[in-house]
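There are two complexes below, and they share subunit A, which is joined by subunit B in the first and by subunit C in the second.
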Partner chain A sequence: MFQEPFARGTSVIHELDPRSKVVVGVSYAFFVALSTRFLTLTGALIISFVLIGLARLNPGAVAKRAMVVNGLILFFWVVLPITFEGEALFDIGPFPVTRPGILLSARITLKSNAIFFTFMALVESMSAVTLGHTLNRLRVPEKVVHLFLMTYRYVFVVEEEFSRLLRAAKIRGFRPKTTFHTYKTYAYLLGMLLVRASVRAERVQQAMACRGFRGKFYCLADFSWSRRDCLWCALMTGLLIVLVMLEWTTRV
Partner chain B sequence: MSGPVLISGMALAGVGTAVGLKKLDYEAVPQAGLVSAVFFVASLIHVPLGPASVHLILNGLVGLILGWVAFPVILVALVLQTLFFQFGGITTLGVNTVIMAVPALLGYLLFSPMLRKRAFVALTAAFACGCFSVFLGSLLLALALVFTEKNFLKASALLVAAHGPVMIVEGVITALCIGFLRKVRPSMLRTFGKREFS
Partner chain C sequence: MGPNGSGKTTLFHLIMGLVKPCSGRVEIFGRFLQKERDFRPVRQRIGLLFQEADDQLFCPTVLEDVAFGPLNKGKSPREARDLTREILGRLGLAGFENRITHQLSGGEKRMVSLAAVLAMEPEILLLDEPTSGLDDRTREKFKEVLLDLDLTYMLISHERDFLAQTTRTLYAIERGKIVRVHSP
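Let's look at the complex of A and B:
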């Protein structure tokens, strides 16, 4: 159910230091989110495609995720052009389709896709565990990292428990419908999951205490910064500067 | 979303998370992690509603169980969601955390004292909390959109209206779930994180 289809690989991108990927990915995403010019956004989208190509991710999985994101964007395309005020281009039935509405939808599409593809190439090309360790090295508060890794660790366990409970319900003839009974079943199922999680957490806590846990999360991961990472950071900084120039100098 | 909205979202989420972490003892991290995992899984349940189905948000329930700790827990769950399914994203992480965690926290502050009263009062409070937190969440989202671009007004109103039926479902499920926990494991409804080792 939960998959990380891009976490493993041997591409150039996969071999970069995770710290540099996270830092570059996050700053790039924020820059793109704040820029508004079409030329910048198109450039950003092209760069993100190049990154995806370099990371050699499974094209099927990439397409599948792209569909999810663009499904949401489709909602904007449906709603924005007809709800915006401004110069009308043409009419669909009673609704005027406005120019600013269409421009904004196009902007949102370019922006989201650029951010999403870059994020996929840079951050999703590492496992959640590596991401946790990287965040720790980047001085994200220890408790957040610990909580993140704990959640990741138990998501799979809880999911299995949930499917087991649901299967048991189905065997007894449970079929979800819009009835009070259905909601009650789901609510109790959820309650049971919470109770079991709480009991399990107590055991985990005791096991940690037994092993001498003293309220510090030790992160043993070792990352090595190589010349390639310097090169990569320099390259991406250069590209960002070009994009900033585009943002400032162009008008469209 | 515009720069100011993204930045204020991040700032608010940062403050909330900092307070939440302060309230979260290191010994309680496994508890928080497991509850967080449950909510992550539960948010994938599709509940039928008429001809369509909705998926649960459950931020009201998260708030009632975790209080302030809901902030870091929701933040972490959203990061995982981005990794697994590509919902949300890194730039809107702050805003999304605020949209979900502020209603959770307010629901906790308003309604959790009533949970230990008589069954009728407790269930009504839980129902109200479930409804309220979804409503407030959609309202916050609408506000974030309108602050970004005032022309979003109509689309945002549509969005809030679309959450109407979801509110009722969330309220019912929150109430029933709290009823269940009251009977089976009432200790889970005390203030989270400050609980004695049992």
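Let's look at the complex of A and C:
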């Protein structure tokens, strides 16, 4: 059962209009992904930390997620400096550690963490349902939004089905080992899950037809835009412009 | 009533046009119905409560799910919301609007599905084993709600007591034929 630990809160960030958060988050992400200067990237990272602070997210939960992301990035650090072509700084055994490799790994680390933390503060501070409605308002095609919301709705059902099937296997003495029997059992479980999911999908479609569904989805959510949202947008746009100038002015 | 597999649910699905007959014709409200769009007016006037609530609650929140029917019928979001609140209140579910559907208990899901079907304002209600899996207290509440409703309904159930308390005539499906049962 996955939780949404950051979705409920009382901070300044939680009170902002979700549309502004999504738009700011996405613009920020695009910009950071395209930047190359360390000055800009460090500035972006600082901004992301400030946002996390403003959103008053649980530091333990943030740290846990950060470790997962940085664990993956660590993999880059192991591979890139050794395999990237360029001027070598020093050697580890037979492998030359190159300067461009280290610089690239550092950039990737800064970019990933900056985008990741910003998204945690801006996008994870709303529930998946709100995110779905926000995307709808931002003109993302209705079908995509509803696919997202339906997936969210039914992933819990699928998870429950799977635990039920696994439980049924376990109470009949099933214990996972590296044997052909185990692989076959897991394959059966997955297959059964797929079949049940498909049958359920058909039933949901029937239920929707019975309630008059004709292909159009309606959104009931209310959004309210306040002065605070205007200030927030202005501030973030300003910051982004500063970063853009940092990025471009000293590029030759 | 009828043994498992005798075709009770299929009968309901035939009425709602979810399943097409292999032979014979379907006549409802004085008209013969064949194509999918012939059944659309039927679905506005007859509501079907499915056996499994999870199949019926497909929106993330209770408010959206109950409002789904009215919105499809052409009501404005405001009207749909007001209607939803009224129905939830009537079923003792006031305050449930913003609850997340998959987090509800079995009994709550069943009641919310009933609310969702009633929001369509049907004239006739088809209920497919509505009390299966419910505890005594929820079953009692369901019975009260049912008896309070001002419309015709058809129930499929294995529970004779429940049927005796909520219906006037009992039918059974035996070997593909609908037979009237005379209660002792």
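Rule of thumb we're sticking to: the second predicted complex is superposed on the first by the 245 of 252 C-alpha atoms of A that agree within 3 Å, B and C clash if a C-alpha of one lies under 4 Å from a C-alpha of the other, contacts with A are read in each partner's own complex, and residues count from 1 in each chain.
Note that a contact is a pair of C-beta atoms (placed from the backbone, for glycine too) under 8 Å apart; a residue touches a chain by one contact, two chains touch by 3 or more.
For clarity, every value in this text was computed on a predicted model and none was experimentally measured.
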Original post:
Put the two structures on top of each other at subunit A: do subunit B and subunit C fit, or clash?
Top reply: fit
Original post:
If you stack the two complexes on chain A, which partner ends up touching A:200: first (subunit B), second (subunit C), both, or neither?
Top reply: both
**OP:** Considering only the touch criterion stated at the top, classify A:210 as touching first (subunit B), second (subunit C), both, or neither.
**Re:** second
Original post:
If you stack the two complexes on chain A, which partner ends up touching A:188: first (subunit B), second (subunit C), both, or neither?
Top reply: first
**OP:** For A:220, decide between first (touching subunit B), second (touching subunit C), both and neither.
**Re:** second
Original post:
Is A:129 contacted by the first partner subunit B, the second partner subunit C, both or neither?
Top reply: second
**OP:** Quick one: the Cα-centre angle at subunit A between subunit B and subunit C, nearest 10 degrees, please.
**Re:** 70
Original post:
Per the overlay, which chain contacts more subunit A residues, subunit B or subunit C?
Top reply: B
Original post:
For A:74, is the partner it touches subunit B (first), subunit C (second), both, or none of the two (neither)?
Top reply: neither
Original post:
A:46 contacts which: subunit B (first), subunit C (second), both, neither?
Top reply: neither
Original post:
Which holds for A:150: it touches subunit B only (first), subunit C only (second), both, or neither?
Top reply: both
**OP:** Note down the smallest distance between any C-alpha of subunit B and any C-alpha of subunit C in the overlay, whole angstrom.
**Re:** 6
**OP:** Mind sorting out which residues of subunit A both subunit B and subunit C touch, each in its own complex?
**Re:** 128, 149-150, 152-154, 157, 200, 204, 208-209, 216
Original post:
Taking the complex as given, what residues does subunit C use to touch subunit A?
Top reply: 13, 16, 18, 40, 43-44, 47-48, 50, 52, 54-56, 58-61, 63-64, 67-69, 71-73, 77, 80-81, 100-102, 116-117, 120
Original post:
Inside the complex, what are the residues of subunit A that reach subunit C?
Top reply: 128-129, 132, 149-150, 152-154, 156-157, 200, 203-204, 206-214, 216, 218, 220
Original post:
For the complex, which residues does subunit B have touching subunit A?
Top reply: 1, 3, 6, 17, 21, 24, 26-38, 40-42, 44-45, 47-50, 56, 58, 61, 65, 72-73, 75-77, 79-80, 82-87, 89-92, 149, 151-155, 158, 169, 172-177, 179-181, 184-185, 187-188, 197-198
**OP:** Could you please specify the touching residues of subunit A with respect to subunit B in the complex?
**Re:** 1-4, 25-26, 29-30, 32-34, 65, 68-69, 76, 79-80, 83-86, 100-101, 104, 112, 115-116, 119-120, 123-124, 128, 131, 141, 143-144, 146-155, 157-159, 162, 176-178, 180, 182-184, 186-188, 190-195, 197-198, 200-202, 204-205, 208-209, 215-216
